[in-house]
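For reference, chains read A, B, C and D in written order, and residue numbers begin at 1 within each chain.
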Amino acid sequence: MNVAADNILTVRGLCKNFGALAVTQQVDLDLARGARIGLIGPNGAGKTTLVNLLTGMLSSDAGTIVIDGHHIEKAKPETRVRHGLVRTHQINTLLMETSVRDNVAIAVAERQNYAWRMLRYGPQWRACLDEAQHYLEEMRIGHAGDRRVSELPYGEQRLLEIAIGLSLKPRILLLDEPGAGIPSTEAHIIHEALESLPPDIAILLIEHDMDLVFKFAREIVVLVLGRVLTRDVPANISSNAEVRSVYLGRSVV
Amino acid sequence: MQALTILLDGISYGMVLFIISVGLTVTMGLMRVVNLAHGAFAMIGGYIATVLVLQAGVPFLLSALIAAVVAGALGGLAELTVYRPLYRKGELPQVLLTIGLCFVVIAGLTLFVGATPLPAIVPASLDRMVDIGFRSYPAYRLFLIVVGAVLAFIVWLIVERSLFGARLRAAVDDPQMARAVGMNVNRMFTVTFIGGCALAGFGGAIGAGVLPLEPFYALRYLVYFLIVVAVGGMGSFRGSLVAALAIGIVDTAGRYIVPQFGGFLLYVLVFGLLLWRPNGLLPPKSVA
Amino acid sequence: MKRRLIASAAAALITLSTAAYADVVKFGIIAPFSGPFAVWGKQFKDSVEAFQKLNGKSVNGHEIQIIWRDEGAGDASKSRQFAEELILREKVNVLGGFALTPDALAVSEVISESKTPTIILNAATSIVTRKSPYFLRVSMTVAQYVSPLGGWAVQNGIKSIYTMVSDYAPGIDAQDEFLSGFEKAGGKVLGKDRVPLNVTDFAPYMERALQSKADGLFIFAPAGAPSVAMVREFERRGLKAAGMKLLGTGEMQEIFLPSFGDSILGAISSTHYTESNQRPENIAFRKALTEVAGKDAVPDMASIAVWDALGLVYETVKALGPKFTGDQAIDFMKSKTINSPRGPISWDPKERDIIQNVYIREVKKVDGKLINVDLATYEKVRDPWKDNHPDAK
Amino acid sequence: MTNQQQATTQQQILAPAAMSRPFSPAMLWHLLPWVIALIFFFVGDGYHSLGTNILVMILFALSLDLALGYAGIITLGHAAFFGAGAYAAGIFAIHFNADPVLGLLAATAIAGLLGLLTGMLILHTRGETLLMLTLAIAAIFYEIANHARWLTGGDDGLSGIRVTPVFGLFRFDLWGKTAFLYALSVLFIWFIIAALVVRSPFGRSLDGIRQNTKRMRAIGTPVWWRLVAMYSLSAAMAGSAGALTAQSTRLVGLSTLELLTSGIVAVMLVLGGERRLYGAFIGAAIYVVVQDFAGSISPFIWMFVIGFLLIIIVLFFEGGLMGIIDSVVAKLKGKADASGQTGKRT
């Protein structure tokens, strides 16, 4: 099997069954440094399952996941994060009772290995807060740092989600529907945020909003019934007959 | 033959646990409420039946039925007033409110009825030995087994064979979906809560010969009821029957065979089982 | 702390209103009024009221004031805390109470240091009185009231025995003491079970006892749910029908008999007080008690203990006046012999433990009421444990 | 960075993080519990045992606040560690060394170790299952203590505990004055530790785990280890409280391991308000004092009172008594100020 030299993530033959139901079948996936890949597919295609398999929230039945030469398919979720594989969530999993800045700072502390500190943590925590503020500003929500997350408008909560992902210094960032639930008038905020992400991070964007995917992605992977149907540049995808028929609701397999 | 005796003892004991606990498995499985006050409803039932038998001369079974009705009504009242706001809260508030309810019931019954254990109300017709072929055996225990089996069958009919039961199972498996398809989940909660409390009250009354009634009843046996629910799998009707019988038999056999281990055995087994299967023996689909 | 303010204000008023030479003698009682042992507290209080009704609230013009403290559900540290408070704040002259042995052990340091005479109203483990020279027991020890039963059983046709006791210190003491008497008299032991305290389904244990085919079953369980369940299962499982005799101690106190129903008929017990005895002291005691607590009031070991304790305190004040040291009081009390409703009682001057009669009784139905009827009396029984362990501390 | 933040930063360099906010007169409130305790020490003759008991229960409730309040570990078995600490301190004093500080350290370590071992077993689970497992652990501990009569005294309790003077200087006097100050010092040390820990990155990550375990997994938090660590810390603290009760009363009973003890400490915590540190202070103090008072009026009134109080607090005053105080203070300060405090709870 050919593996490109600058591949950061290599997935081969990934499988997952729920009882008799095969939700992920023989998925191969390569992400190069700085890649911008869109992952699309109809409801029930297994997109979220795939993300959960990659991040270790679910354990796979077969297949390998390699980051930079490290096999991580058996690793715990937190170990995968330490290898630079980071995700954001489809529905909000933010700490609603905590302040916006602390939400990011907690993630920074985790990355910096300060999170075990119980006593004498003053300077470290301050550094975490400063770094957190930096990511908030990068996502243009620096003004909201002191507010409680539950008081934040939904769109800004989505940006906070991305800021937390960034604060973990990912090499691969899996964005699980960052635009979900955002009114179309505000969709551009997310797009702008995505465009401003550091270029060296490989990004896999899972999204229903086709506008957003086609604007952002340089390549698109189509997932149908747990299999990779095709992978191509956006222009070819939109003209692909098979993909069209899938989205029109007819089965192709 | 000794083994058969132990089995009968265990099953009759388990049946009492089942009758009282089956309502608790619904509350904890369906409503997701850690309900530590369930024993209080069994206790109310037992106290009412005792007072009826001793003061008013009401027959044993009839007073147990009246106790069930009253316990059910009080349960419904409690569901509408103090339990409903609890559904949205975390486990800790649930634990504490229901402990509070327990305290109030204990204090109330003690003030009205007294602090000594209540006299037995098992009628003479049951409080004797009957010949069952290989030996003579307490009639009361056979009575418990029969009543338990009948109730288990009725519960099975309701849960597995009625429309209400189908809805109930659906709601236990996926509460959000049940709401989404327009079920009146609130009413279902009230109805099942009433049913569960009525069963508990009935169990408290007829089981008084195995679990004697006294002011701390509500707390003393609570751990057993909770164990039935946890071992059976929260929200699982079949699980609670299997668990109740298993606990009855294991506890009884353990005490018969190795009495020196006494209290240890059950706790250690439950501890091990929950580590092995955190969701119990037969958990419903939603948590499987 | 309002109640204490009220109490002390009331005490102050009374002091002022009586003549200048009159004093208040304070008797502090620490007992459970809540929790599983609340019955003890209630019985104490009723009996105290009855005593004061019969004998007045003062001795030679000196008021005898009772100060209560609720130690709750068997929390020994509470007991110690209240003892300190009663001694330091209330300046009690005599202390008393203690339902359970740990409650009494908890105060031994405090009373030794403050030299406060302390009357044990229940705690029944033998060693307690050796823990402080200011302890004096008016209740009983487990070993004491069990000791005659084993010998009696063998003499009365119970040649083999099965024992079933709750798995806690008094239960084990009772079992050992019973068996030592039983075996000495030539009886045969067919089985010994210890039942955990939290058990209330006695089916498996009773089944074992039934299979042993012993002549008798000796039980010891805390009063309340466990003993009630034990006796019911004894009846229900046909041990009684099989001709087995039930032997016990405090389980068969008259106050608990209604909880058992007729299944208790024929049960044998040995204790230091038969509630229905016809001594004039007992008739007067029961009369006073029913006047205070209603016609259904039944005295028990708790009532009799506090009744005699008050008797001792009144005698002490009569003899020594309202001001006395702890040593004077203890020396006086332990030299007394009292005609108690239970029979004559006196004290071992060295051990300060009670010497009293022990009665073997049987539950019978008299005039439609379950009561205990004396079968035998063992006079002036000492605590055998102390005699067997002269040096234990 | 705003000016205020910079000021904060400078302060933090000088002071430990718990006291990192710029000084304001309102901070003097933090002295209040300690001042009350010291005043009590001088005027409370005859009540020092009661006072010590309150301090012990505060420490116990505080330990539960760490596990249950902050980390969200739902437990009804914390008495296991309280009792283990008490027995460990008692047994240590009888068989090894009567020095109170050594005994306290030993008890703390043993309780912490037991917390570590049991925590590793049970903290995979959550919710009702966890609740049942904690119940079972406490029940097993209870049975062990009940059976190991030769070591624990069984039902008679462990007595004969000797305690030498603290640091060889301060004798445990009969009336509990030394014990009171000793308990107060231990509570103070643990309080500082607790206050530091809950504001630490570690404490914040546990607060995060309580709010959303999934989120914390996603940022790479080893959730199980973190919970085990906090549980052990909390167990050690509960063990300290148990050791204090053993040393101050020279007595350990089986009741230290009872289900009721676990329940009561949870009641105290919620009464005062969880996740507030001071909630433990108010809850334990009010509970012990009111029980002392109401219990003497009538046997069962106390159960009524506490039962109703629990129901009302849960239904209407989430956050307990401290929550009520907080909201009153917030109202007094005015709304503008109050909204500025968002996300910073003490």
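Please note the rule applied: a contact is a pair of C-beta atoms (placed from the backbone, for glycine too) under 8 Å apart; a residue touches a chain by one contact, two chains touch by 3 or more.
All figures in this text were calculated on a predicted structure; none of them were measured in a lab.
*Asks:* If you walk touching chains, what's the least steps from chain A to chain C?
*Replies:* Graph distance in the chain contact network comes out at 2.
*Asks:* Find out how few touching-chain steps suffice to connect chain C with chain D.
*Replies:* 1
*Asks:* Of all the other chains, whose mean CA position lies farthest from chain B?
*Replies:* Centroid comparison gives A as the farthest chain from chain B.
*Asks:* With chain centres defined as C-alpha means, what is the inter-centre distance between chain B and chain D in Å?
*Replies:* Centre separation, chain B to chain D: 34 Å.
*Asks:* Measuring from the mean C-alpha position of chain A to the mean C-alpha position of chain B, what distance in angstrom results?
*Replies:* 47
*Asks:* Which whole number of Å gives the spacing of the CA centres of chain B and chain C?
*Replies:* Inter-chain centre distance comes to 37 Å.
*Asks:* Distance from the CA centroid of chain A to that of chain D, rounded to the nearest Å?
*Replies:* That gives a centre separation of 41 Å.
*Asks:* What parts of chain D, by residue number, touch at least two of the other chains?
*Replies:* Expected reply: 143, 146-147, 260, 299-300, 302-303.
*Asks:* Can you list the chain B residues in contact with two or more other chains?
*Replies:* Residues 110, 115, 262-263 of chain B touch two or more partner chains.
*Asks:* Just spell out which pairs of chains touch, all of them.
*Replies:* The complete list of chain pairs in contact reads A-D, B-C, B-D, C-D.
*Asks:* Mind listing the chain B positions that touch chain D in their complex?
*Replies:* 28, 34, 82, 85-86, 89, 91-93, 95-97, 99-104, 106-108, 110-111, 115, 219, 223, 226-227, 229-230, 234, 262-264, 267-268, 270-271, 274-275, 278-280
*Asks:* Which part of chain D faces chain A closely enough to touch in the complex?
*Replies:* Residues 1, 9, 12-13, 16-17, 20, 193, 196-197, 200-205, 207-208, 211-212, 214-215, 217-223, 226, 229, 233, 340, 342-344.
*Asks:* Quick one: in the complex, what on chain C touches chain D?
*Replies:* Per the stated touch rule, the residues are 1-3, 33-34, 38, 41-42, 68-70, 72-78, 80-81, 84-85, 87-89, 101-102, 105-106, 109-110, 113-114, 125, 167-170, 196-197.
*Asks:* Report the residues of chain A in contact with chain D in the complex, numbered from low to high.
*Replies:* Against chain D, the touching part of chain A is residues 55, 57, 76-82, 86-89, 93-99, 102, 105-107, 109-111, 114-126, 128, 130, 133, 146-148, 151, 164, 168.
*Asks:* For the complex, which residues does chain D have touching chain B?
*Replies:* Chain D reaches chain B through residues 68, 74, 76, 121-122, 124-125, 127-129, 131-133, 135-137, 139-140, 143, 146-147, 259-260, 263, 266-267, 270, 274, 299-304, 306-311, 313-315, 318.
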